[in-house]
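Below are structures written as C-alpha cells.
You will see two complexes here that share chain A, one where it goes with chain B and one where it goes with chain C.
Moving on to the complex of A and B:
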C-alpha cells in the first residue's frame, strides 16, 4: 500500500527488461568476473613464482658474479637502495608538499598566483617520469651540483641517490599536495575560528591545530607518494648508476652512501628480465615478490590512515 | 632581496609579525617550486630546440629508418660534425597506437567493471575486490613488464606467429613475440585498475536518493544506474581516463620490455601481421638510448622527444580540465586521490 492508500499493482504484462538492458547487465557481469579472474591469475602467479624462487638468504646477501642463478647471491643492496632512495625522495617531497598545500588552502593570496600554483602542480602529476629522468641526467652533471655525486677528473658523474631522490620527489610532490589539501579542506572553519578566539595566530593555528588534525591525510599522501616512488624504474635506471651493489663515495657514512650509486628492486627486476643485462628470471621473480610485499604494506598503511581520516567527524 | 632587508630590520623594530613572516616564507617556497617546475619545462624545450630547428616540421614526418638515423646522430657526436636528421613518425605512431589501443579497451572494460562492482556484485565480492584493485593499481610497471616478457611474449611467439609469417618479414623486422599486441595487452592490464578505482570512487559518491528516485519512477535497476549514476559521475570518468592515459603515454620501462627494440611503424594494411609487429614508442626510445647521452646531437634529439612527450601530457591534463568545466554543477568526485 502506498502512502496515499491507493494500491500499487504491477500490470500482469509488466514490461520485462529490454534486450539492451539485459545485454548491458550481462556484459557487466561478464567483464566483472573476467576481471576477478585476471586479478586472481596475476596475484597468484606472482606469489607462486616468487615463493618458488625466493630463498631467505637472498634478503641478506648482495648480488655477486656466478655461473648460474644459484650462485649469484641475493639482492640486499637493492632492498637498501629502495629504502634509501624512497627516504631521500620523501624527505624532500613531504615538507615541500605540506608547505605548498598549507599555502594553497590557508593563504592562497594573491588569487592569481594560487591558480598558477594549483595548475602547475596538477599538471606535473601527469608528467612522464622518463622526461623528468632525462632532465635530471643533464642537470646533475652541471658543475655546481657536482658535490652531489662522484666526480672523475672534475667531471660530475651526475648519478647518485641525491640525484635520483631529488627527481623522484617530483613524482611524489603532486600526490602529497593533493592529499594534504583535501585533509585541510575537510576541517571546518569553526575549528580555525575557535583557535583564533583563544588568541592564537594563524601560523600557530596551522601548526598546532590544523596539521595535527590533518595528520591522517599527510600520512596517506606520503604513503601513496612512496608507492609511486618505489615503483618507478625509469628514473632509477637513468639516475642511480648501473652498479648492483652500493658504491659509496667518500668516507662519511650516510652522506657517502647518498652520493654513491646502487640499484633498487625495480631496476634489478628490469636488469634481470630476459630483455635486461643480467637475464636471470628467477631472481627477477624473487625480487618482484619482495617489491610486491613492500607495496602491499604501504597499501595497508594507506587503508588504516584513510579509515582514521574518515573517523574524524567534525560537527 | 627585499625580504632579507626586512629581516635585518626585524631585530630592531618588528615590521613583520611572526604570522606575516610565516606567510612570506610559505609564499617564497611556493614561488620557488613553481619557478623550478616552469624552468624545467623551458630547459627541456630549449635543449630539444636544435633538433626541431634542423628538421622543421618533418621531425614529425616519416622517412628513412629511424634506428639508422639515431645511430648516425649518436656517432656524429664524436666526429665533431653534428647530424640532426631525424624523422620521428614511427615512434610517434607506436606511442599513439599503444596508448589509444590500451585506453579505449580499458575505458570500456573499466566502466563496466566499475558499474558491476558498485551496483551489481555481491557484497562479499565487493569487499574482496576493492583492496585487490588498489593493490593492482599500485603494482610497479616493471612487474607488469616482467609478466609480459616471461608469459605473454613467449605465448605470442609460440602460438600466434607462424614460420610463414616470420619468413615473410625477415629482411625488414624480427618477429620475436615482442609486439604491438603484447604492449597493448599488458598496458591495458596496467592502467585499468587505475581507471576502475577512480570510477568506483566516483560512482559511489552519487547520492543514493537519486537512484531511488529513478527506481521509484519505475525505471529498472540497470537503466537507472546507467542513466543517473554513470552520467553524474562523468567528472570522475574524465579524471580516471586522463590519469590512466598519462600513465600509458609516459610508460617507458614496461613498453621497452614487451614492445621490442625496433623502431618500426606497424602497418594496419598488413592484416593479422599488424598485431605481432614490434614497435617502440617515444618514451622507450629515451630509455634505450641512455648510453648515448654523452653525444651532444643525441642529447638534443632525446630532449626533443622528451619535449613532445611533456607537451602531450600537458595538453592531456589541459583537455581533461576543459572537459570538466561544463560539469562544474555536478559535485567534483575523484579529484584528488591516486
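Moving on to the complex of A and C:
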C-alpha cells in the first residue's frame, strides 16, 4: 500500500463547491439572463411599437410631403434602396472575398504578401464605417469615377448606389473572407490529395471540389455580411445621397437607378427618429420592424446553411 | 481434422447476407461451425494457409531504384529498391514512421506537394523515369486510395464522372458518361447498391461504401498501378473483407501496392511483402515466406509482435 502512495483523504464535511466557484456560477447565470432580458426587451419594444404603427400600405407607397404622420406615405423607396445597395455591395464583396480566401488558404505564397493581405482584410473589419464613408466621398468625386454618379456642371456628385455599394462591400469583405477560409480549412488535406491523385490540377480541384464543398460557408459569410451591410447608416448618409425617394440618373433602367441616389431603411429611421430631422417616430418604428424582419430572415438562411455544412463531414 | 491450420479470416463471413457482395464473388455455401478458428488460434495467423487463388502472370510495371527521400532535416527513405508488378499485390509493412507511406506517395509524385521533400534515385514506370512524365498524366496511370474514405461532396455519379472529364470541363454531359460510370461502379462492386439512386450524396453512404466509391473513382481513370495507404483502417470487418477481395481480384489487371499496419491483412492479400524499418528496406520476400520464415532478426521480431 505504501509503495503506491498514501490514500487521499477528503474531509467528510468538504463542500462540493467552493464559494468562489459558486459565485462564478451565479455570475454566469446572472449575465446570461440579463443579456436575454435586454435582447427580449429591445425586440418586444420594437415589435409592439412597430406593429402598432406599421400599416400594410407603407410597404408600397413612397414617402411624401404631408402635415401629419398619417399623410406622409410609407417607405417603399427605402425598402428598394436597402435591397439594391445590399445587392450591389455583395456583388462586389462575394467574388473578391472568395478569391482572397482561396488565395490565402490554398496558395498563401509568398508568406509576406499573404500576411499583408490578411492584416489589410482585418483592418477593414475594424475600421469605423464613417471613416470608410469619408474616404469614399473623396474617391467617388474624382473625375475619372464621375460616370458612377450624377454630374452637375462637370463636377461629380459622388453619391450613388455604386459609390455606397462599393464602400459597403468593404464591410462585408472581411466576413466573407473569414467564413470561406474557415470552410476551406475544414476540408481535410487528403480530400485535396485524392483529387490530385486522380490527375487533376490544383485549379480544377479548387473549382470542382473545394469551392463546392465550401459552399455553405460562402452562403453563411454572404448572409452575415449582408446583415452588416443592411445595418450600416453612416455610409448610406454620406454616399447614397439620402434622398427620400429613388432619384435615377439617365434613362437606362437598372443602370440609371444604380447611378442615382436614395435612402435605405436605416437612414430613414435615422431621419425619422425623435432626434432626427423629420421626427416622425411612428414611421421610424414601422421601418425598424421591417428592417428587423429582414435581418431575422438572413439569420434563418445562416442557420440552414450552417446545418448543411455540418452534414458534410468526412470521417 | 487439423485444428492448427484454421481457415484464414478472409474466408470468415458469418453475416454475408447483410452486405451485397461484389459481382462474380462466390460465397462458400457454408462453413462448418467447428472450422471457425477461436481467437487464440487466429493470432497464429502466420502458420495459416491462405486461400487458393488463381496464379496470375506477373509483369514488371514500376521499378524503385536506390530511392532515398529526405525531408528538411530527416531522411525518411534510405536507398530502397523494389519492383512493382502487375498481377501481384505488394505489401509494405513496418512500424509507424518507417517511411512506407512516404515511399508509396513518391510513386505518383504526391510527395512533391510537400515542398520540403527531396527524392534521389530513380522510379520508373514501364521503363520511363516518372520525373519526366507530366504529374497529372502520371497520377492518372498511378492513382492512390487513402486511409480515410474521401468521396467528394457531390453525388455518387458526379464523383466518378469528375474523373472521366478532362480537368474542370463539364463535358461530356451526364448521358454520355453513364455507361463508363456504371462500369467503374460495377468494377468496384458497388453498382448493385447504388444503381437505383446514382444522385445520392456520396457522403451519405456508409464508410465501406464510400471507400468502394473511392476505388470506383480511381478505376475510372483506368490506372495501371493502384496505391493503397491503409485503405481499411477506418472500416469495419465486413467492409474490410469486401475491399480485400476486391484488391485480390484487381491485381489481375493492375499492379497494387498496399501500405498496411495490419499484419494479418498483409498476410491475407499480399503476394510479396517488403518490411521497412527506419527508412530502410529490411526484407523483401514472398508473403508466405516472409511471415513463416523471416531471414532477418528485425523482421522476425516485428512479425511476431515484439515491437511496432
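The definition used in the following text is that the second predicted complex is superposed on the first by the 296 of 315 C-alpha atoms of A that agree within 3 Å, B and C clash if a C-alpha of one lies under 4 Å from a C-alpha of the other, contacts with A are read in each partner's own complex, and residues count from 1 in each chain.
The criterion applied here is as follows: a residue touches a chain if its C-beta (ideal position, glycine included) is under 8 Å from a C-beta of that chain, and two chains touch if they have at least 3 such contacts.
Fair warning: this is a prediction, and the values are worked out from it, not measured in the lab.
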Next item on the list: Assess the superposed three-chain arrangement around chain A: do chain B and chain C clash, or do they fit?
Entry: fit
Check: Is A:78 touching the first partner chain B, the second partner chain C, both, or neither of them?
Finding: neither
Next item on the list: Give one of first, second, both or neither to describe whether A:24 is in contact with chain B, with chain C, with both, or with none.
Entry: first
Check: Given the touch rule stated above, what does A:295 touch, chain B (first), chain C (second), both, or neither?
Finding: first
Margin query: Rounded to the nearest 10 degrees, how wide is the angle at the Cα centre of chain A between the Cα centres of chain B and chain C?
Written below: 110
Notebook entry, point to check: Does the superposition put A:284 against chain B (first), chain C (second), both, or neither?
Noted result: first
Next item on the list: Once the structures are superposed on A, label A:99 by its partner contacts, choosing first (chain B), second (chain C), both or neither.
Entry: first
Next item on the list: Report for A:262: first if it touches chain B alone, second if chain C alone, otherwise both or neither.
Entry: neither
Check: Of chain B and chain C, which one contacts the greater number of residues in chain A?
Finding: B
Notebook entry, point to check: Taking the superposition as given, does A:196 touch the first partner, chain B, the second, chain C, both, or neither?
Noted result: second
Next item on the list: Considering only the touch criterion stated at the top, classify A:273 as touching first (chain B), second (chain C), both, or neither.
Entry: first
Margin query: In the superposition on the shared chain, how near does any CA atom of chain B get to one of chain C? Answer in angstrom.
Written below: 10
Note to self: With the touch criterion stated at the top, can you tell me which chain A residues are shared between the chain B interface and the chain C interface?
What the structure shows: 201, 203
Note to self: Using the touch definition from the top, list the residues of chain C that touch chain A in their complex.
What the structure shows: 108, 110, 113, 136-140, 143-144, 146-150, 152-154, 162-163, 167-168, 203, 207, 210, 214, 217-218, 221, 227, 234
Item checked: Footprint of chain A on chain B - complex, ascending -> 17-19, 22-23, 26-27, 29-31, 33-34, 37-38, 40, 43-44, 47, 109, 112-113, 115-117, 120-121, 125, 129, 131-136, 138-143, 145-147, 149-151, 178, 189, 192, 196, 220, 222-223, 226, 242-243, 246, 249-253, 256-257, 261, 283, 286-287, 290, 293, 299, 302-303, 306, 309-310, 313-314, 316-318, 321, 335-338
Notebook entry, point to check: In the complex of these two chains, what residues of chain A are touching chain B?
Noted result: 17, 21-22, 24-25, 27-29, 31-32, 35-36, 38-39, 42-43, 45-46, 96, 99-100, 102-104, 107, 113, 116-117, 119-135, 137-139, 170, 173, 178-179, 181-182, 201-203, 206, 224, 227-228, 230-234, 237-238, 266, 269-270, 273-275, 281, 284-285, 288, 291-292, 295-296, 298-299, 302-303
Notebook entry, point to check: Which positions of chain A touch chain C when the two form their complex?
Noted result: 188, 190-191, 193-201, 203-204, 207-209, 212-213, 311-315
